[in-house]
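Got a structure for you, written out below as structure tokens; questions coming shortly.
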Amino acid sequence: MTVGILGATGYAAAELTRLLAAHPSVDAIVLSSSSKEGERIEAVYPHFISTVTDNRDNKGNKIEGGLLNAQAVIDRSDVVFAALPAGVSEPFAASCLDRGIPFIDFSADFRFSLEDEAVYAAWYGGAYQNKEAHRLAVYGLPELNRATIKKRVAEGRVVIGNPGCYPTACTLGLYPALAKGLAAEGTIIADCASGVTGGGRETKREYHYSEAADAVTPYKVGAHRHTPEIARNIRQIENTVHHSLIFTPHLAPMNRGILATIYVPLDEAWHEKAPQGTSPSGDVPLPPSEKTAQRAGEIHALYEDFYRNEPFVRVLPPGITPSTARVRGSNFCDISVHLVQNQTGSTLIICAAIDNMVKGAAGQAVQNMNIVLGRPETEGLTAIPLVF
Amino acid sequence: MTVGILGATGYAAAELTRLLAAHPSVDAIVLSSSSKEGERIEAVYPHFISTVTDNRDNKGNKIEGGLLNAQAVIDRSDVVFAALPAGVSEPFAASCLDRGIPFIDFSADFRFSLEDEAVYAAWYGGAYQNKEAHRLAVYGLPELNRATIKKRVAEGRVVIGNPGCYPTACTLGLYPALAKGLAAEGTIIADCASGVTGGGRETKREYHYSEAADAVTPYKVGAHRHTPEIARNIRQIENTVHHSLIFTPHLAPMNRGILATIYVPLDEAWHEKAPQGTSPSGDVPLPPSEKTAQRAGEIHALYEDFYRNEPFVRVLPPGITPSTARVRGSNFCDISVHLVQNQTGSTLIICAAIDNMVKGAAGQAVQNMNIVLGRPETEGLTAIPLVF
Amino acid sequence: MTVGILGATGYAAAELTRLLAAHPSVDAIVLSSSSKEGERIEAVYPHFISTVTDNRDNKGNKIEGGLLNAQAVIDRSDVVFAALPAGVSEPFAASCLDRGIPFIDFSADFRFSLEDEAVYAAWYGGAYQNKEAHRLAVYGLPELNRATIKKRVAEGRVVIGNPGCYPTACTLGLYPALAKGLAAEGTIIADCASGVTGGGRETKREYHYSEAADAVTPYKVGAHRHTPEIARNIRQIENTVHHSLIFTPHLAPMNRGILATIYVPLDEAWHEKAPQGTSPSGDVPLPPSEKTAQRAGEIHALYEDFYRNEPFVRVLPPGITPSTARVRGSNFCDISVHLVQNQTGSTLIICAAIDNMVKGAAGQAVQNMNIVLGRPETEGLTAIPLVF
Amino acid sequence: MTVGILGATGYAAAELTRLLAAHPSVDAIVLSSSSKEGERIEAVYPHFISTVTDNRDNKGNKIEGGLLNAQAVIDRSDVVFAALPAGVSEPFAASCLDRGIPFIDFSADFRFSLEDEAVYAAWYGGAYQNKEAHRLAVYGLPELNRATIKKRVAEGRVVIGNPGCYPTACTLGLYPALAKGLAAEGTIIADCASGVTGGGRETKREYHYSEAADAVTPYKVGAHRHTPEIARNIRQIENTVHHSLIFTPHLAPMNRGILATIYVPLDEAWHEKAPQGTSPSGDVPLPPSEKTAQRAGEIHALYEDFYRNEPFVRVLPPGITPSTARVRGSNFCDISVHLVQNQTGSTLIICAAIDNMVKGAAGQAVQNMNIVLGRPETEGLTAIPLVF
């Protein structure tokens, strides 16, 4: 099987190349770049030198180092990934649909359905030109949409809108609580931190080492483009009760990782009158009670049960919180759940960690490829995290 | 003036030493350590070598390098700081009160009033032995309690309970919103990240470089001891409307800094029916409207006005968010305000950054000392941040 | 094939577990720990949860999570690795020799031959008890000793002394220059920086995040235990000309990686009279001349040629210098060569980068295992570096 | 006194502004920027907001936030600093000389004397236009040229060529050894690491956070422009014996700091026949002997004595090595000395650490200003390092 990558010089594409080079079912990888066509990928990423791009003995070549144009890549591929900026994927999707091969897109272009075109237009600009491609598109969060992806594959043609990094962490964190009806109507808050690779390869002041090092900084507060994607996922999981979403991203001084801390107001059933206790002097909370710990245990069990058969979601044992380090380089999403009960009500706190480059981008894309091609879903994705 | 520091080998004490050595009104600093009495501070912190501890010419000595016992330090000092573990400060406070000199304590021992002794006991263990010392104690957040501190000083005797790092950032962030009655009844969420110096000098697995580097990790979710301190401050500012608090700390891979992102449900007066707009398909938010930006501007103006005369609180111009880097080494608290309006209501998001070692500990203690001693409040605290 | 790891809770063992779990020829991994016998490895390293240690479906288990005692591990294994402190490996080696299985040791215990016992004793303390085990030992730097390892295997019994991290980088950097007789008699200087994982899992003040972050610090200058190991390797490669070695390690603020910068005085044949040029005013060098660049090219070609068939050594193209990031998580050693010519003579500068945990420890051990077991030498070691 | 800074938006200028704002003798700072004239410095560096640039009360203003053109700044200043790119300082120097005010230049333009113009031309390009300005220029390393600076000041007109960061660390490390005649003829090697701020504020691929984080990388090996500056300083100190210089810079993952490790072959007087001892098997060194430690102590004493009256050079006690962290934010240069003796001879290893932004740039410039203006040399430079 030959796999094509459009826009091969970006960080997500480099990560995808790394993963595909180790994928048992992938025989060859061909790369395109509009800006560096004719050059070699090793000139952009010297760490690829003498890996599987090595041509010295003409054997075992997996990555073809030479950068082609997009059409040449599509023509040679059995499946195509696009790691391009927003707004340019449509024609390549169409070309793949014409050739009858799957197209897996990293941008937001195919994350919103036809009915949500207005959402896409409002946040990203531009309108859908090729309605058919969007009709065939599935939002590629396998834990949520695995069945739909398989159905579309069975029907013969599919475009995958690979999820954003923040939406992946937030949605996986929220899924059991929403699906099981734990959440009360109200505001869900997702407070998240991302590593700097999330900003991509292009140099910018805020990603200059001297500016990003040793600093945690919020950005695009209340106005980040991943907001509608997360909100749409919430609606898909639970559309009988209304949940408003607030999403705040922060830049953290590390290369990889997303840590999402999510606050969900719980249904009254989960609350008992002021179980946490407050001071005699009023309003100042006492430490969590045994009772609260017990109910937290119930929610933990519910999460564990919900994700029992998901190979990439790890509900951590009580007492362990997710760390971005513990998922580094892997396709895992680590989750912990916590309960706070006070006079206002009960709140579920979910912490979720992913590697933004793997489960948040390239690894999830490979997971989607595995589903689309009928391979075992974990194929090529079993690496243990590079924790330190 | 001679200043004494008890527990001089910890990080907060080292930072205090650094600040006091540059303080125009401080003539000499004397240090105690129970574990290293008789040794020299340069043996613990080689970066103090040949600074103002230098004895070569017997001139201009500010820090006395030799570590004494606590009583010897108290006996020689005009003001005493204690940077000791929780639960041991009382006798030293008593000793200072006896000598008629101010006592400024870094631990939680004097942060809770007599009426909140049950809160202290529940979260920290132990009971108050010396009620008188606690009666004389003031919670030393100058922006909140400046007048009370001055009143106590005027009455002749004072103990300062220097605030915790997280409570400082959270309380300064919340103060204007609560004092001006913007907040609706409900849950206030403070989602915070701290640098690793917050964990102190003692080696622990979670602060081992290889474990803490490149990782964001939540800890003590819903159960951190700073929770009651923040909640108590909220109650002090606004006790007519009930606010429950949820506080989540995270460890971030940097040495200094706290970034607090705080979510406050706003009073209905700040809300207009679904001003943010949602998609025709329902429930998915559109980008913030002009109207929302306008109302955010009103809140920004209110914050600017509220803090106009506070020398250490900077309400950043619209479009700039706080960064822990931009307050490093300084006593500043940087604040930005943001508004999110959705179908559920309006939420104020406040981002606040401090240096946990300065405004979150040693700098605030110096600020308290300045107040107590009748010095200009900014004396010795005017350094520009070491931004990179 | 079942593989055993003694001392499974250390960092090098964790890295070895990560690599072996992905190794095609390894069916099961069994672990020992003297301090945590009876516990599970996931309790020590939560990032192993739900990886191949997962027992939920009783299928595909590679890592057995339960920690056994050393003998139980040896009894069940086809090959044994020991990641133990210096001075305790001998009895385990003996036990493996008795059972007729290979023993691969990470400590310095088997890095020095019988004839160099005095060297071992002087730097590490202790004397060899089991002379036979040492007689069977080979220093496991495959690029240098591949033939000897194979010969020992053919003879039936083998102990591998897996090289130290610094010696690996330095020896691979020096090998071609020494083997080809480029070096003049004199002093070879190896100035090296290491990531903090090199210090292991045990918490120590110098590896406390707040002490190690943002700091480059030399340590054990002129007195590091890896000095005799590097010097011995130099002597093995080239024993007709005397070279004295100076080795200086530095701690750098990163988790992984060793960067070695090595200075070798070149034989006069490589020098031409003051080719770099100096100022008319005397003694101040002008920029490198075309002629120098040309001769540097010759040395580069010689290095490329020398390592042409080594799968893990990459001689970088001119203009690219090694970066620890570009070998992270991989078994590669990246090398660049540079020439400086001045009035004193010509000096070769070799820069070499490895991942201290992989080529500097666990990866090299797997490479040795592959050789010992007759597997392809790159098996399980083809991962592309996790560059960011 | 009013101080002017030309090129105020760069990192070194920002650091200079930070230092001057705390300088007791500086009343006002005026800033120029060719690219941002008319804007305010807070728009470039928000961390300056509400510091001494604050105009709210029209009192105590030290920094004037508005960016002027260069001539306006020169016209208002009593002393002018230029933090401009190489090749553009001459006319500004001339303008200051005309006005009779000192000019302190951060670039290399005034670091080389008239007799070394060919060196400047060969490494930096361009020729001297204004010979008179160069005739009046002094290389501003106070420890080396204090007397010359004062002499020039006494004569009425002076231009200071403020040293480069690497040359400062290397020269201070070498000075006692060379001045006392310890060094034998031969090659001196300076192997150095720098923090990323050394690369300045301009965004470049190699300073992109994701590329620079977690990586040590050599660059411009044998070809860095600071080579002739260091070599010239060596020649100035010791011109009776020839020393060739090799200088290798590395980029390290931290914001600030330079760590120089320097190797100096010692005169035979310091050597005794193979005092370190080698193995019976030949050529493998044994650990350093007592005798070597003794002689190292003599060199240490010599260094201590040499720098006894230098306020900014700290010769560390035996057993402590310099760390970039321990000089952060300060004007200190920390030095340790080490001795290695082997069969080839004896080598002195000097480790020196500075903050590249302070002693390596802005702090040294302030030190020069103090000398030029007849102020105490440490004025405004007594801050204790921000060690963590």
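Labels A, B, C and D are assigned to the chains in the order they are written; within every chain, residues are numbered from 1.
The rule we apply is simple: contacts are C-beta pairs under 8 Å (C-beta built on N, C-alpha and C of every residue); 3 or more make two chains touch, one makes a residue touch a chain.
Note that the structure is a prediction, hence the values are computed from the model and not measured.
Between subunit B and subunit C, the least number of touching-chain steps is 1. Annotation: C-D is the more contact-rich of the chain pairs A-D and C-D, by number of C-beta pairs in contact. Taking each chain's centre as the mean of its C-alpha atoms, the one that lies farthest from the centre of subunit C is B. A separation of 36 Å divides the Cα centre of subunit C from that of subunit D. Centre-to-centre, using mean CA coordinates, subunit A is 46 Å away from subunit D. In subunit D, the residues that reach two or more other chains under the touch definition are 11, 197, 210-211, 213-214, 253-256, 325-326, 328, 388. Subunit D meets subunit C in the complex at residues 115-116, 118-119, 122-123, 185-187, 189, 191, 193, 195, 210-211, 213-219, 221-223, 227-228, 231-232, 234-235, 239, 242-246, 248, 250, 252-257, 259, 261, 263, 265, 279-288, 321-326, 328, 336, 338-340, 342-345, 347, 349, 351, 353, 388.
Within the complex, the subunit A residues that touch subunit C are 11, 14, 17-18, 21-22, 45-52, 56, 197, 214, 255-256, 308, 314, 316-317, 320, 325-329, 332, 382-388. Those residues of subunit D that touch subunit A in the complex are listed here as 11, 196-197, 199, 201, 203-205, 207-214, 253-255.
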